[in-house]
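Labels A, B, C, D and E are assigned to the chains in the order they are written; within every chain, residues are numbered from 1.
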Amino acid sequence: MTATAVVADEAALPKKRSRALTKFLNNRSAVIGGAIVLFFVLAAVIGPYLASYDPIKPSFTSIRKPPSELFWFGTDELGRDLFSRMLWGARASIMAGVISVVIAIVLGVPFGLIAGYFGGWVDATISRATDAMLAIPFLIFAIALAAFLGPSLSNAMIAIGLSAMPIFVRLTRGQVLTVKAEDYVEGARAIGLPDFWILVRYILPNVLPPILVQGTLTVATAIIAEASLSFLGLGQQPPNPSWGSMLNTAKNFMEQAPWMSIFPGTAIFLIVLGFNLLGDGLRDALDPREQ
Amino acid sequence: MSVMPSNNDIILEGVDLKKHFGGGGIFSSPTVVRAVDGVSLGVRRGETFAIVGESGCGKSTLGRLLLRLIEPTGGDVRYEGQSILKLSKSELRRLRRELQIIFQDPFASLNPRMNVGDIIAEPIWLHGLASGEGKRERVADLMRIVGLLPNHADRYPHEFSGGQRQRIGIARALAGDPKLIIGDEPVSALDVSIQAQIINLLEDLKDRFGLTLVIVAHDLAVIRHMSDRVAVMYLGEIVELSETDALFDDPLHPYTQALLAAIPVPSPSNRQPKALLQGDVPSPAAPPSGCRFHTRCPHARAVCKEQHPALEQAPDGRQVACHFWREIQGAGAGSISAPPPSPALAKRLALYRTWRERQDKPVATSP
Amino acid sequence: MLRYIARRILVAIPTLIIVSLLVFALQKLLPGDPVLTMAGEERDPQVLAYLREKYRLDDPIPVQYFAWIGSALTGNLGISLRTDIPVMELILSKLPVTLELAIMAMIVALAIGIPAGIISAVKKGTAVDYTANVVALSGLSIPNFWLGILLIMLVSVRWQLLPASGYVPPTEDLWLNIKTMIMPAFVLGTALAASLMRHTRSAMLGVMRSDYIRTARAKGLLSRTVILKHALRNALVPIVTLSTLLFGELLAGAVLTEQIFTIPGFGKLVVDAVFNRDYAVVQGVVLCTAVGFILMNLLADILYVLVNPRLRHAA
Amino acid sequence: MGHEAVRQQRMEPGSPGTAAVAADRPLLSVRGLSVRFDGAPKGVNVVDDVSFSVSKGKTLCIVGESGCGKSVTSLALMGLLPTPPARIVAGSALFDGRDLLAMPENERADLRGDRMAMIFQEPMTSLNPAFTIGDQIAEGIVRHRKVSKAEAMERALDMLRKVRIPAPEKRLRAYPHEMSGGMRQRVMIAMALANDPQLLIADEPTTALDVTIQAQILTLIRRLQEETGTAMILITHDLGVVAEVADEVAVMYAGRVVESGPVEAIFEDPQHPYTIGLMGSVPSLGRRQGRLATIRGTVPPPELMPRGCRFTPRCPFADSRCVNEPPPLGEIVPGHRARCWYAPLEKYRGAVA
Amino acid sequence: MKRLTLMTVAAGLLMSTAVSAQTLRIGLNEDPDVLDPHRARTFVGRIVFSSLCNKLVDITPELKFTPELATEWQWSDDGKSLTFKLRPGVKFHDGEPLNAAAVKANIDRARTLPDSLRKSELSSVADVEVVDDMTVKINLSRADATLLSQLSDRAGMIMSPKALAAGDFSQNPVCSGPYKFVERVQNDRIVLEKFADYWNAKDYNFDRVVFQPIPDTTVRLANLRSGNLDLLERLAPSDVPAVKADSNLVFAPVSGIGYQGLTINTQNGERAKSPLGQDKRVRQALEYAIDRDVINEVVGNGIYPPAGQPFPEASPYNNPKFAANKRDVEKAKQLLKEAGVDKVKFELTFGTSTTAQQIAEIIQAMGAEAGFEISLRPTEFAAMQKEAQAGNFDVNVIGWSGRVDPDGNIHPFVTCKGALNDGRYCNAEVDKLLNEARVTSDEAKRKQLYDQAQEILQQDLPIIYTYYQPWPFVHSKKVQGFKPYPDGMIRLKGVKFAS
C-alpha cells in the first residue's frame, strides 16, 4: 500500500473536551456531591494528623462533656474527644463504603461480563445464582457472612461487598447485552478479534460508566450498611471508631448526650448525600440520552 | 466504475441460505421470523454486487450470513469455493482478514473508548501485519488513503463528523488487505453531500485495491450508480437478480417495477402520475402463502396465492421469481426515465466540477 | 400470556434450588453451636448429646440438607429450636405483620416519591428540582436505626403522640394498630421514597424527551395534560415494575426497622433467630423471603407486560 | 394498485410563482428569525436571519442537510423549542397577521393543533404507546372544539377514513404498536388535520419510511392539501421529494437560507454553489455518468464557523471576501434569491474555468 | 395454626372488652424461650414463670426459703431424704388438684426427660416417694445441700400432669401460679391472666400481665416513659441518671446474686500457653491493673458494685476478706516484673453489647498502663459460647445470673469437670473443698469450706470478678408495692396500681 492520498478530505478538527466532563461540571448537584465527597475524603486522609486527641484513649475525668472550646464536638461515654474520633472514623466509614464496593465490582463485573457475553448455559447458571443471592435479603446475607467471618471492619467490608455483588453482576450483564448488540462489537468480531480481547477492549470500557455510577450510589448504601452492621456489633471494632459504630453507641445516650449522635449522624447523612448526588450527576453526565 | 467482470469467477457464494430467528425452546419467543429463506447467489470477483430491498426484507441478515457473523439456520457459504461454515477458529480469523464489513451507522460502529489510531491498528496487530513504527506508518497511510489527517490518530470517534467516522470504518476495513468488503447501508445514514464523498471513495478504493464490493442498500439511485449487478429481495427471498442497467431499464418482477416507480424524481418539470404499490410489507413472521408478493401485486392471480414461484433464468442471464414475468414484461409500469439536467444546471455543474478539481489539486500532490 | 407466565415460573425453579442451597449454607456458615445456645447456662453434656441427636446435627451435611428440603417441600419447615413453635406457624403469624408494615411503607414511599419525582423532572435544573432531590436523598441518607430512635425520642417520649414500639393486630384495635405502624412505616418508607423519586424523575425525564410528548404538545394540549396523562402514564410502566421489586427490598429493609420498633414481624424473627442460632427459623424465614422475592419478580415481569400495551399481545 | 396523481403544478408561463404568492397575502411570513443555543460561541446562531413565507394552498419546502437548522426553524414556529437551551433572539413570524413569536404561551397553545399542526419524522415513536389511536386523535379535537368525547371520536373515525386507513373502526381502538410505520404516519396526518389547520408543518414526514410507503404518504398529503387548501411547510433533505411536491423552496445551509425561489428555478437554474454541489452529489437514476460531484469537507463546528459566508470552507469558488463578509440574500431574478457574492456564477467565475 | 389465629382473635376480643381491666405491662430484655420449666434455659423465661408457675418453695428478698406449694419440709437426719407437706386446696390452671402424685410426676419428668435441662440440678435425687396424698418424700443418693435451692427454682415448679400428658405443654403451659397462660406471640408478647382459683388470689391485683420483649434498652425505656409499659427489667446503667430525674418513674434496683467477671484460659488448649494463662502473678497483675470503681462509675453509673468473689454481699457466704482489690498499677508492674515479662499481649473477647464494649475498652486502657497490650474482640454470644468451650480464647468477659445456693455460683466454674469451666482451671484441692461443700448442710461448716477454696482461688485467679450484677428495675409511679428480689425475678404479690 503506498502513501498517496486518493481523496483529500482533511478538515480542521477542534479538540473537543470530553463531553462527559463538561456535562459533569455543568451539573450543579454533581459538583456539590463531588465537593462533599472530596471534603470528607480529605478529612479522612489528613484528618488524623489534625486530631488533637487520641481517638481511643479513655479519659475518665471528661465523660460525656458537651461541645466546648476544648472538645469541639464534645466527648463520648468514655471521655474521648468526639472530634478526633470523627476524623479517624471518617477513614473507617469511607473505606468501608469504597472498599466493599470495589470488592463487589471486582467480583461482580467479570461474572456479569461472562454471563452477558457468552450467554447460554453459562449465563443461565450465573443469572440464576445471582437471582438467588438477590432473593436473600441484603442485610441478612451480610449479617450471616459477617458473623461467619467474625466481627471486624475488614470482614464487614467483605460481607457487604459480597452481598452487593449480585447487583453488579446483573447490571453488568444487562449492559453487556446492550453493548454486545452495538455495531462496533460486531465489527470487532468481523475483524476476527478473539472473545477475550473484545470483552476487555470493547465491552468492558463501554459497560463501565453505568457501573461506576451504580458504584458511587452503592458506596452510599455500603456506608449505611456498615453503620447497620455496627449497630448489630458486626462492623468496626472497638475501640476504633467508625461513624456507624459511634452512632450505635450514641443511641444509648441520645438524651443524656445528644451531641454523640448528632455529629456522626450528620456526617453519615452528608457523605451518603454526597455520594448520591455525585452518582446522580455522573449518571446524567454519562447518560447518552441526556442532551 | 471498474472493469466489468467478464467471467464467472465466483469469489463468494451463498447456497440456499436460511436464517430463522426465534422459536427455539420453551424459553424463547414462540414466533419464528424467517429473515432469510432460501437465498442463493454468487458474487463475482471484482464486481460490485448490490442487495436491495425495503426494511425487514432480510438484506442485512443476508450480508452478515455471507460473512458468517451470524450462523445460518441452513445452507452454505463458500468463499473461493470453500465452505466457511466448517472453518476452525484460526482459519476463520484468517478469513476475517479477507472479508470485511462496513456498517451503516458511523456513530455506532466505532468503539467510543478507543482512539482512531488504535481502531485502525487493531486488524494490523491482530493479523501480525506490522508492529511498532511499521504499524504507525501503516495507520497513517490508511488514514491518508481514506482522506483523514494522520495527526488525528489520537482523537476519539466522537470528535469526528459522521462522514469522517465512516472513513475511519473504511480505513479499518482496509487495514487487513481484504479481498471483499460488504457495505451494510454504508451511506444511508449520511447527508447527501457526504454520501457522495463516501461513494466516490469506495469506488476509488475498489479500483485501486482490486476489491470486490457487496453493497446492501435501499437507495436505488446509489445502487444504480455503484453496482454491476443487483439482487432485489422481498420478505427474505430474492425476487430478481440482474445486471444493473438491465434491471433499471427493464425490470421484470412486479415488485422491482413498483420499487422503481416509487422513487421520487429530482426534476420538478417531470412530475408524473405514479403507479403506487398498495398496503404494507407483511410481517416476515407470517409471510403470505405462495408468492410472498401476491398480497400487494397488481398482477396477482389465483395461482400466486398457492404456488411459490422459483427463481428462474430469463434469457439474458437474469433471474426472476414470478409466475407471469413474461406477460408482465413491458406492461408499461416500471422503467424510470430520468430526465437530463436542464442546460443551466448542466453548465453550472460543469463549472462546479472544474473549480472543485482545482480545489483538490494542492492537497492531492501533498504527501 | 399464560405461556409467558409458565416460562417465568420455570425459570424460577432453578433459582429456588440455589436459594435453598444458599440458605442452608448460610446457616452452616454461622459460627457457634445451636445446641450450646439451646442447652442453657448449665450446658449439661447429656442434654447436649441428646439435642445433637434430636436435630440430626451430627449427620453429614448433604443428609441434613435433603432431610430439610424434603420436609420443606411438604410444607414442614420444622419447629423453632427456641420456643418449640412450628416454623410454618411462626411464619404465617409474622407475615401479615411485615406485609402490613411493607404496604404502609410502600404507601409512604409512593406518596412522597412519585409527586416529588414528577415535580423535579418537570422543573429539571431549577431550585425546585435540587430541593426535591436533596429532600428525597435525605430519606436515603439517614441511617434507618438512627432516624427510628430519633423519632421514638421525639414523637413518643417527648411529645407522647404515638406509641414508641410494639405491635397491635388490626383485629384488636385498628386505630392503635395504625398508630403503632405510622413511625416504622415512615422510617422504612422514606428510604424507599428516595429510590422511587429518583426513578420517577429519570423515567419522567426519559419520557418527556420522547417524540410522542412533542406530538402531544403539538396538539396544543395543556402542559398539565401532557405531564399527567401522556408522560406519567408511560413513566409509570417502569415505576410499577420497580415498585414490585422495591417491595422485595422493603421486606428486607424491615429487618432493621422491626428491630428498632420491636415489631414482631419477619425481620425481627430472623435476626433474633440468627442470634439465637435458631436454625429452623432462619432457614424457614429466609427461604420464605426468597420465595416472596422471586414471586415479586415474577409479578413485576407480569405487571410489566400488563401495563405495557406493546407487550400485552407479544407475550 | 391505484393510480393516483401527484398534483402536477405547472406554472403558467410568464407568471412565476413568486408573483402569484406576492399577490395573496402570505398566510405565514417569517422575517429575520434567529435562534441561539445556550453555550454556543458568540454570534453563531443555529438559525440565523431566516426569512420565508408561505401562502394558502401552497407548499414550501425547506431543504438542507442535518444540522442546517431546518427542524429548529419549524419547532420555533410551532413554539415547541425547549427553552433553555434554545432561545429565539430575533425575528418575527406573522401568522394570519399576528406575530407568533410575540404571543403569550397560552394563545400559542390554542393555535397549536388547531390552526397550525405538525407531523414528525418518526412515526414509530411519535405516537403515545399507552393510548389508542382514537384517543389520541380525539384528544386534540376535544382540546380545541366544543364537542363531546363521542363526537370527537366520530370525527376521529372520519379522519381515519380520510387518510385511507383500512378498517378504520377497528383501528380507532388499536394501539400504535399494532400498526406499521406507514399506517402510523397516516394516523399522525389524521391527527394533524383533525381540526382543519391553515398551516401544516411536516418535518421529514417520509424519511423513516420505505420508498413504496413514502410514495403513498406523499401522494396522500398532496391530495389532502388540495382538498383543504392548507398551506404546508415541508422539511426534507431529499431533493427528489422536493421536486415532487414543492411550490417554493428554501435551501438552508448552516442555519441560513442560502437560496430560495420557485421549485423550477431552484432545480433548473440553481445559483448558490451549495445548491449546485448538492445536486451534483445525488446519484442519477439514469445511466451512470461518471464520478459524483462532491462538496468537500463537512459543515464546520460552531466554534470554527466563518464570519462571512458560512459555506466558505467548502466552496470551490470562495475567496477572502467570502470569508469575512456575509453575503446578502440577493435577488437574482424576481422571486429567486441566492446568498452568494458571485451569483450568477458564470458571470463572476466562468472566465477562470 | 388455625387454633392460634382463633386464639389471637379471641384474645383480641377479650382484650378490647377488658380495656378497663387492670393490665400490667412488663418490658423484658429478650424473648423468653420454651415455656416449659424443665426445658427452659433463659433468665427472662424464669421471670415469666414467676407469675405462671408456683414452685415447692420460694425465697425471700433475704434469700431465705419460704413456703409456696409446700407448707413445710423436713430433712432426714442423714441428709439423704427431704419430705414436703403440700399446701391443701391448690388447683392447677386446668382445675386439676395438686397432690403428691403430681409432684412426683414432675420431679421424675425433670430427671428423665431427654432434653430436660434440670437433670444436673437434680442429679442427687434417687427417687420420689408418694407418702400420702399431700406428702411427698425425695430420696437422695448422696447428701445435697443445694437441693432445696434447686427446688425453689425451675426444678421445683409443678406443672399439671394432665397438661404434660397432652404433649404440647410449651405452647400451652398449665401450672398453678397466680396467673394463667393466655397467649404467646413470639417476639411480641406473652399474655397471662389472673387465675381466679389461685390459693392466694387476693394478693394479686392485676387482671392481666403482659410480658413484652424489647431488646433495645433505649426503646424499652422509651416505652415505659411513653406509658406503653408499666415496669421494665434491666435498665441500661447509662439511663440511671435520667430515670432518677424523672418524677414519673421509680428506680428500683437491687444488687443481684450474679456477677460479671473475666474468665482466663488457663488450661484449655494452645491459647492457654501464654504468660497470662500459665503464671498466676500475671493474672494478679491484671487484677491490680483494673479499677473496678471506674467501671462502676463510668459504665455502671454507681449500680455496678465492685466484686472480688462469686458470692454477693447479701449472701452469708460472702467473706469481706476477699473484697475486691483497689487498683494498684505499681503493684501490677511489680508482679509482671517478678513474672519476668514486661509486655503481656492477650485478646479480650466480649459479647456485643454497649455495656460489655465499654467495659472492655476501659480494661484495655487500664491494662495498657500496667503493661498489658489488649486487643478487643467483640463476639456475638452464640459464637462466643462455642469458642469458649473449644478453648479458642485468651480472656472472656462473662456474666452469671447467679443462683440462690452458693454452689451454683462457683462449683461449675472452677471444678475440673465443671460444665461452665471454659478456662479448664483444675486444682484437686479446690475440687475436694467444693465437692465437700455440696454435701454439707451445716451453714458454718460450709462457709469454712468455701473460704478455704476462695483462699486458693484468690491466688490462682482463674476468674477475675469485676462487679455484682445488679437488677435495675424501673416502673412507673402508678405501680405500687413492687419489691425487687436479688434473683432478678418479678414477683407480683401485693403489687398494684395506685388508685
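As a working rule, contacts are C-beta pairs under 8 Å (C-beta built on N, C-alpha and C of every residue); 3 or more make two chains touch, one makes a residue touch a chain.
Quick caveat: nothing in here was measured; it's all calculated off a predicted structure.
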Touching both chain C and chain E, which chains are there?
A
Between A-C and A-E, more C-beta pairs in contact link A-C
Distance between the CA centroids of chain A and chain E (whole Å) is 46
Expressed in whole Å, how far the mean CA point of chain C lies from that of chain D is 54
Suppose each chain is reduced to the average of its Cα coordinates; what separation in Å results between chain B and chain D?
30
How many angstrom lie between the centres of chain B and chain E, each centre taken as the mean Cα position?
88
Which positions in chain C are in touch with at least two other chains?
11, 30-31, 125, 149, 153
Residue numbers of chain B (touch at least two other chains)
161, 163-164, 197, 200, 360
For chain A, which residues are shared contacts with two or more other chains?
8-11, 147, 150, 232, 248, 251, 254-255, 291
Residue numbers on chain A that touch chain C, as the complex places them:
28-29, 124, 128-129, 131-141, 143-145, 147-148, 150, 220, 224, 227-228, 231-232, 244, 247-248, 251, 254-255, 261, 265, 268-270, 272-273, 276-277, 280, 283, 289-291
Note: in the complex, chain D contacts chain B through residues 1-9, 65-66, 180, 182-183, 210-216, 218-219, 237-244, 246, 263-264, 267-270, 273, 276-288, 291-296, 298-299, 316-317, 345-346, 349-350, 352-353
The answer for chain D against chain C in the complex is residues 78, 80, 84, 109-114, 117-118, 120, 122, 125-131, 136, 139-140, 143-144, 175, 177-178, 188, 191-192
In the complex with chain A, residue positions of chain E that touch it:
217-218, 236, 238-239, 241-242, 294, 297-298, 352-354, 357-358, 360-362, 364-365, 376-380, 383
List the residues on chain C that touch chain A in their complex, please.
11, 14-16, 18-19, 21-23, 26-27, 29-31, 125, 130, 133-134, 137-138, 140-146, 149-150, 153, 194, 198, 202, 205-206, 209, 248-249, 251-253, 255-256, 270-271, 274, 286, 289-291, 293-294, 297
